Structure formats: structure tokens, C-alpha cells
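Here come two complexes built around chain A, the first alongside chain B, the second alongside chain C.
Right after this comes the complex of A and B.
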């Protein structure tokens, strides 16, 4: 598979699980490792939550566009909202001692930690994540 | 199977909450409501068993932090147990293993002394 697959969802958080579960199913069919699938589910759920809540501010008239492509050794997923974008270069560190007990602000950290690549467009309303297929650990 | 299953039981002064499935922004409100009902009642010792949790995102982490802070505020205890594999790594990655009390098992949590 190397063609882009596209879908659009309304800006409601309840749709997140459906999208990440559908993508995970495709990754399983393409023999991605369990760890890689976990990482993609996590990062995609974060990207969708950011797009729905912060980008589109849960406006039911705005949509989130998702497209993904599986190549030989990796999956590339883009998530785009209709918002004004945000400054992804100046986010506070959620692991700093004075921010550790805040209930939010960890989404981008998790995306960057679990993906091989995380890039944004200039406007800051589209994130593209890339993850390699990964190798299953041998059972001990 | 629903994405998120939450079961609550009380026994001998401890409130046991078993959470399984997924906690993303899709499910966070359900968990928040369940835990808030316990902290609103000032339950003294809440143990959340996450051994069957398959995925947690920042929204789920935020719900757990909120419940932990609420319990601490009224002098209660809110602890987590059963975390393993990728889910445990999420807590470590975000340094929440330094904020929240984590135990290997329900027994270890029950027998733990207050921090």
C-alpha cells in the first residue's frame, strides 16, 4: 500500500477512538509490531484531540482531516484542523517540577517521544507523524 | 467490548476501581465522572487497578492527576496499581511516576503505607 487514504471527522472527541482503532487495524494487517501500533494509536489520539479541542475548539461546523499512507517500513499520518494554528516551538516542558501536577500539556511531548518524526506546517494547524514498522521483541 | 470499562467496589475501608480498555479524549469524561463521584464523597483510600488498561493519552493522565490532587486535598489517598509495559512507559515518559503513587499489584497497594 502506498496511496494516501483520507477521511474527515467532525470536531467531537467521541470520534477519536474510531479513527485510531481503524488505523491500528490497518497497521496490524501490515504486520507492524505491537509496540509500533501502540505508539501510533497514542500519537494519533493526541493529534486528533489537539485538532478537535484546541484547533477547531469543538466547533461542530469544523472538521478534522486525516490522511495516512503505509510504505514499506513506515506509516505517515497527517492531521489537519481548521484553526489558526499554534506555536509548537514554544511549549513549556510538562515534566518541569512546577508543571508536573498540571492536568494538561503532555500531548505534544508524547507525540514527540513515541514517533520517529513529528513535523508541523508553517501555520501550525497540520501535524505529520511518522513511525517505523518496528520489530517485535522475542519472548524470553 | 466498550472502549472503556469502569467497575467500582468498596471493601473494608478501601474503594477499588478497575479500569480496562482505552482512555483517550473520547473516554476521559466517563472516567472523570466516576472518580469525581468518589473524591466528592471524600473516600479515604482509592485504589485504581489499571492492569487491563491498553492505552492512555494525556487526557486520561489529566483525569488521574485531578483525582489524585482532590484526594490529597481532603487528606485521602489515591493510588494506582497494575501498570505494565507500554502503559507504564507513558507514566515514566511524562514523569508522572514521580507524582502519582504506583504499585505493582492490588495487594501491594492495599498493604502500602501512606507516603
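Right after this comes the complex of A and C.
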């Protein structure tokens, strides 16, 4: 089992690409499947966007902490912001007919669909996502 | 053909075909630039029959989906048409999960999509 890799980024949306690209590079080195890497990049980009925009409200003095670890068959990534958290159990369904044309609110749905596990800490300011190395999860 | 940094814009009869140059439309700055360029086509160049060609796109975030939804509304306000084509299966899955495949008209290829635009009444 590998040790945790940690990094911190300022709350600037342009930093999202750097983080997801460097994580994807590590996954490629560890022979994760193309589907798994696609899923992780997408979910990680959503987690980081939520942390920067909603958690830290793009305050450049606040940071987003990212930790990830590769195990034999999966990668675990946690993304933590300095915000107040949110009630992750009571998010409205973005696929409901009356919400379908709203321009936002799909990030958590995509994370849950593409990852094997998505969990939050009690406060709701840290999300942990887990994805298996090669078996593509059948999205709901 | 108009050559922009983010988009290739090409008229095909009455339809404006827009090909994304970016492989990834994840980054906030990229999404903003792509969105501005698309809205300019409607608001400043009065193009209202738009076909978005996704053949180069490998990654798409929910923020990019939001931009497409807003563009779709804008085009509808002008009684125009917005269609999407050449979406790889991984990206189509994103539309399916979010049920946006019900909101957008999505076609396998450009020829098929072009045939479905309404003809100008003479």
C-alpha cells in the first residue's frame, strides 16, 4: 500500500486542471484502466470545483487540501475545504423535471455515479471518493 | 471557416457548425471562454441554428453542462435550434446520467444532425 500523497491549492478554479492531471498521471503509472481514469478525473474535477466555489467561495486566502492514496485495487482521494460544509443528504435531485434546466447542481450526482464510494465527513467540508482500478462501475 | 482559439466555426447552409477544439472542457477559464464565444454567435452574429460538434471532446464537467443549458435556453428564446453530435460514449454517459439527453437533441454524426434542422420557410 502506498503512503498518502498530500497537496494544497489556493481557491482558484484554474488550479483544478493541475491537480486532476497530476493524479491521472499517477493512476496511469499504476495501470488504472482508461475508464477508471476518466471517472476519477471527472469526479475529482467536480469535487475540487465544489470545494473552491461553494466551500471556500473562491477566497484566495483559503486553501483546498487534497490527499490521495493508491492501494492494490483502488485509489482513495479526499478533498477538504475551509468552508462551513453542507447538508449532503438533502441535495435536490438535478434530474427532476422542474430542475432539469437549471445550470448547476449536478456535480455530486456525477461523483456518485462514477465513483464506487463517495462519503462526506459530518461537517460536510470533506469528501472522500474511491474508485477501483479497472472494473467500470455501471452508472445508475 | 472562422478560426477561433477555442472553437472552429463553419457555416453549412443555414446552420452554423461549431467544433470544440479543446479535448477537455473542465477548467473554469476554458468554460468561460467557450461560453462567451458561443453566446457571441447568438447575440452578436445572430446565429440561431447551431450544431455543436463534440468530436474532439474527451472530458466535460457539470459546469460545462450548465453553460450548454443556458445556451440552449438562449437559442430557444430566438426560436432557434441547438443540436449536438459526435459525442463519445463516455461523454454521452454524462448526458444520460444527468438526463440531459432528454433536454438536448443529440445525434451520432454531423450529417444526421444537419438533416434534422428545419428548413427556412419560403
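Heads up, the rule we're going with is that the second predicted complex is superposed on the first by the 133 of 140 C-alpha atoms of A that agree within 3 Å, B and C clash if a C-alpha of one lies under 4 Å from a C-alpha of the other, contacts with A are read in each partner's own complex, and residues count from 1 in each chain.
As a working rule, contacts are C-beta pairs under 8 Å (C-beta built on N, C-alpha and C of every residue); 3 or more make two chains touch, one makes a residue touch a chain.
Only a predicted model underlies this, so the values are computations on that prediction, with no experimental measurement involved.
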Chain A as common anchor, with chain B and chain C clashing or fitting: clash
Which of chain B and chain C A:13 touches, first, second, both or neither: both
Chain B versus chain C as contact partner of A:26, first or second or both or neither: neither
Partner chain(s) touched by A:38 [first = chain B, second = chain C, both, neither]: both
Chain B versus chain C as contact partner of A:101, first or second or both or neither: both
Chain B versus chain C as contact partner of A:113, first or second or both or neither: both
Overlap of the chain B and chain C footprints on chain A, listed as residue numbers: 13-14, 16-17, 20, 35, 38, 41-42, 45-46, 49, 94-95, 100-107, 109-110, 113
Touch list for chain A against partner chain C, complex: 13-14, 16-17, 20, 35, 38, 41-42, 45-46, 49, 94-95, 100-107, 109-110, 113, 139-140
Of chain C, residues touching chain A in the complex: 24, 26-29, 58-59, 61-63, 65-67, 69-70, 72-73, 90, 93-94, 96-100, 102-103
Chain B-facing residues of chain A, complex: 13-17, 20-21, 35, 38-39, 41-42, 45-46, 48-49, 52-53, 94-95, 100-107, 109-110, 113-114
Contacting residues of chain B [partner chain A, same complex]: 3, 22, 24-28, 55, 57-59, 61-63, 65-66, 69, 86, 90, 93-96, 98-99
